[in-house]
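Here's the structure, in structure tokens; my notes come after.
As written, the chain order gives the labels A, B and C, with residue 1 at the start of each chain.
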Amino acid sequence: MDLTTFPLLSLILWLPVLGALALFLFADARSIRVTALVVTLLDFAASLLLLPRWTPDGSMHYQEVLAWAAGLDFRYHLGVDGISLWLVLLTTLLGPIVVLFSWRNVTENVRSFFFLLLIQQAGMLGVFLSLDLILFFIFWEFTLIPMYFLIGQWGSGRRVYAATKFFLYTMAGSALMLVVILLLYFQTGSFNWLTLKEAGLDRTLQFWGFLTFALAFAIKVPMFPFHTWLPDAHVEAPTAGSVILAGVLLKMGVYGFLRFCLPLFPQATAIFLPWIAGLAIVGILYGSLTALVQKDVKSLVAYSSIAHLGFVMLGVASMNEQGLSGAVLQSVNHGLSTGALFLMVGMIYDRRHTRLLAEFGGLWRQMPVYSALFMVVVMASVGLPGLNGFVGEFTILLGAFRVNPLWAALGTLGVILAAWYLLAAVRGLLHGPLDNPANQHLADLDRREVLVLAPLVLLFFLIGLFPALFFDKITPAVELLLRDVGPVIGR
Amino acid sequence: MAQQALFLIMAVFTLGMALGTVTSRNIFHSALFLVGSFAGVAVIYFLLEAEFVGVAQIIIYIGAIATLIIFAIMLSRSVTGQNGSPMNRQWAFAALGAALLFAALAWLFSRVDFGSTAQPVPEDAIALIGAGLVTEYVIPFEVASILLLVALVGAILIARERHS
Amino acid sequence: MNALDILQLLSPELILALTGFVVVSVDLAMRRRDEGRTAATIALLGLGGALVATLLLAFAGTSTVEAFTLAIDPYSLFFKALAIVSVGLVILASISFMRGKSRYLGEYYALLVFAALAISLAVSATNLVMVYLGIEFLSITSYILASYFRQDLRSQEAGVKYFLYGAVAGAVMLYGISLLYGATGSVDLATVGALFSAEGDQRLLGIAAIILLLAGFGFKASLVPFHQWAPDTYEGAPTPITAFLSTASKAAGFAVAGRVFMVALPNLVADWTAILGSLAILSMTLGNLVALKQTNLKRLLAYSSIAQAGYIVLGLAALNPGGDFDGVGGLLIYLLAYLFTNIGAFLVVMAIEQHSGSVDLAAYNGLIKRAPALALWMTLFLLSLAGIPPLAGFFGKFFVFAAVVERNLLTLAAIAAVNAVVAAFYYLNIVRAMFFVESEEQKPVSVAAGLSAALAISGIMVLVIGIAAQPFITWISRSVEMVLVSGM
């Protein structure tokens, strides 16, 4: 098969949709689960095919273009570069993991659940792969729907409130985006990202365009002070939903900044960069401090996401090679480690139906495998050298330091706080006496659960020990971005 | 000049009658006021040398429609009885709105010159109307008859079912 | 042009008129024994014939033919098809819904067919006399239909209110027509367009005429401030009639407004687009804000349809001949998407009303458990109304917004975009009730065959227009081109 002409990206994008439709061929829950797993595994395999023939030149690969309406420059245009590559792979990897995780603990409306999971995956892949702004917008808006139902139907506690808040917040954020996309079209005659980034838009349009896009993306990331939907949505969502929310959905915001805000509106970026950096640092400190006082492990992880995404945005705001590359890699890292944290919180929640730290303690003795894996995941999240988190955070701080040492100093404070709150979680769950009778008969992880976590843990080490494998593909794309945008900003 | 004066008189008469129609407490009186208003309009048509429309106005509106209305009222309720005030709380706003609209239009007409489009009335106006109805306006003419048929069906429906 | 040509050009109207008469007569002959089923069948067959005739004319490449105060052009054919389809869906749903609710179902179906005829005539009218006649024809059929439940006071109120508003709106519109006639000595749209200049005081006269005419068109389209009848009439009228009033009848208002303004007042385009733009802002904002508080679904959809009228009229307000997005195209695409979406939503309302006798939001609680198909269809329609891609409603909004942005009316675009979020809130509230609120009632909802068929057609069209919008857009842009060429 000739991979240069084969529509690989379309395969990756539409396979989950076909799989979602295929679910209707089966009546029993087991076949539905198996189908979902097979489809997501196939999708992951398909996305791995992107790697072998990858030429690290920073350009858009595997492009596919189909004209849509006559007379309108609106195209089905897909492409992937070093910035989106790892996000695509992250999405397809988390697919089978959440399916496997949900194997036993989703028992009602199994078909609907996996259907929504699969089309959610397609929607997110569409966001990362679209090079046409209308296509991007369609996928961007579309991702709201499955997540709304996932949270509202299978969530816990105030799930409906959380789902509605999530939907309306993000929709409000992107309300004006369509207007700006149209403005761009009438200025340049194109909806195409490749054309638009060369177009040299005028200053006013850049200013308003940046503000509008940044609002949509900042809500998605979420950046302080647009984060208030996140704790609700993350905490109330079912585990699979939380993993996807934290793992991929938030990255759509970061990706939006990297893909659209910076290259399309460089002059405006120059104006707003300090603001982004400021909000990112506030986010790091706010997220960390709030995480410190959480009594519920899931809320703790949710607030840690705000802090971690603050790091990522600090990398973006640095606007140099280290900062941007670090931001891309750290996005993936956060997806892996926070995904793993949510999974592990989900695993004890499935056993005890509570997530309150006060209910636990001394799990070391009862669940050694769980505890060991939990330590690894926490260490990855904290940024222990040798694991993935370290590489990402260190690179970002390096990038930030070169721009403004104060940023780096405040960021480092965030690293310390992260160690504090995550170790507090470790202490609350694993250490101390095993004095709660309810915990004394907890079963350790079974094979399925270990299988769910294994690929993530392996990747922690792979990224931590061989970061070059990943940076090799990210850096050329970042360099290309900086070559266009850097001079405008003065970096 | 005399024509103008006559028009003014008829306009005031028509308006007065119309006002009586909507303000009278007795619905029978309202119907009689309506006849007066129709007649005033007919006179205005004659003043405009639109004899055909004027005659049609008298025959159809006064001769047929108003008579029917009066019959309907006499058959359905007591003629002498008071029917309550037709005013509701919003009459002042409605009056104000109407007055403003009148003022705006009056101001407008004082500025606009319609003279350029006025044409003399053709000699054979009635023949022209007749020809028009079977040539250019044949479809509106036919549509009007379907419309009347539909209205008739509707009227029967509305009138009948309550007693069934 | 010989007689045969004329018959062919008027075939949709002739078929509709004939169908109406046949339905009344057959029903009379049947002595109302089968609860109007025969009448409905004949009506549907006739509508099908008329639709085929319309589409044949539309795709035969017939260019504009104007004769006898009517224009047979792609623009009018588009709206005829829309009206016929909409009435067809309404009749399909009425077969079970109206059964037992009225003794005079034959006349009911006949009136609906005549309403389709009235719209066909109104949207083709090239003459102010015909415009007025068409709109009055539509109004009179609508008054009767709105008050069809003789025993139900709300239905009576709906009819009376609609009639009073309609009579005043019609009279005001007629006054506007008289102004145009007075200024030009003609009632032919094209002649008025040629003679009516925008200079000096004539411009003032033109603006007055626009506002007065809008009373008539805006009344049909339920644009603020001519909307006051809509909530009560929508709530009180039989639900199939509400569906009709909110789609086909509304579309007729926009179609006539579009043609009259474009053809008769091209020199005042700056004025009427500005007026329509402000009405759009009022309609969107007022409709959405009031809809937020509604718990009666028919009333909620009434306010939603006022807000939607605001979006739709943006297409005319952003008229831009020769642009990439000319505005009229957006208007047509929006109306096409809106037709199936809104009828679909009302079909679900009918199904629930038939089942529970209620149109309250509470009747929708837990619908996903009792009637999953209905809940899913309703979700589809609500998301389409909210303009979420990739459903039909998104493309409507997209093309309208595009025209607005191309004309650089950015404040208008921003207000519309923010309004879309407000609207999402109350649409989502219905979804929330259907999916996430537990219901005390557990009885599954059964849906009659005709209603199911109508639902399926609407739902599939909402999906098809969304996913494969292209053929529709091509057809529409062709229709628009010809109107713009002839009009402006």
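Before moving on, here are some points about what is shown:
Simple rule for what comes next: a contact is a pair of C-beta atoms (placed from the backbone, for glycine too) under 8 Å apart; a residue touches a chain by one contact, two chains touch by 3 or more.
The structure displayed is predicted, hence computed values, not measured ones.
In terms of Cα centroid distance from the overall Cα mean, chain C ranks first. With centres computed as the average of Cα coordinates, no chain lies farther from subunit A than B.
With each centre defined as the average position of its C-alpha atoms, the distance from subunit A to subunit C rounds to 44 Å.
Inter-chain spacing, taken between the CA centroids of subunit B and subunit C, is 30 Å.
Look at where the CA atoms of subunit A average out and do the same for subunit B: the two points lie 71 Å apart.
By the touch criterion stated above, subunit C contacts subunit B in their complex at residues 10, 17, 20, 24, 68-70, 102-104, 107, 110-111, 114, 117-118, 121, 127, 129-130, 133-134, 136-137, 140-141, 143-144, 147-148, 150-151, 182-185, 195, 201-202, 204-205, 208. Within the complex, the subunit B residues that touch subunit C are 104-105, 108, 111-114, 117-119, 136-140, 143-144, 146-147, 150-151, 153-154, 157-158, 161-162, 164. Those residues of subunit A lying in contact with subunit C across their complex are 68-72, 134, 137-138, 141-142, 144-145, 148-149, 152-153, 159-160, 163-164, 167-168, 171-172, 175-176, 178-179, 182-183, 185-186. Residue ranges of subunit C in contact with subunit A, taken from their complex: 324, 383, 388-390, 394, 397-398, 401-402, 405-406, 410, 413-414, 417-418, 420-421, 424-425, 428, 432, 435-437, 469-470, 473-474, 477.
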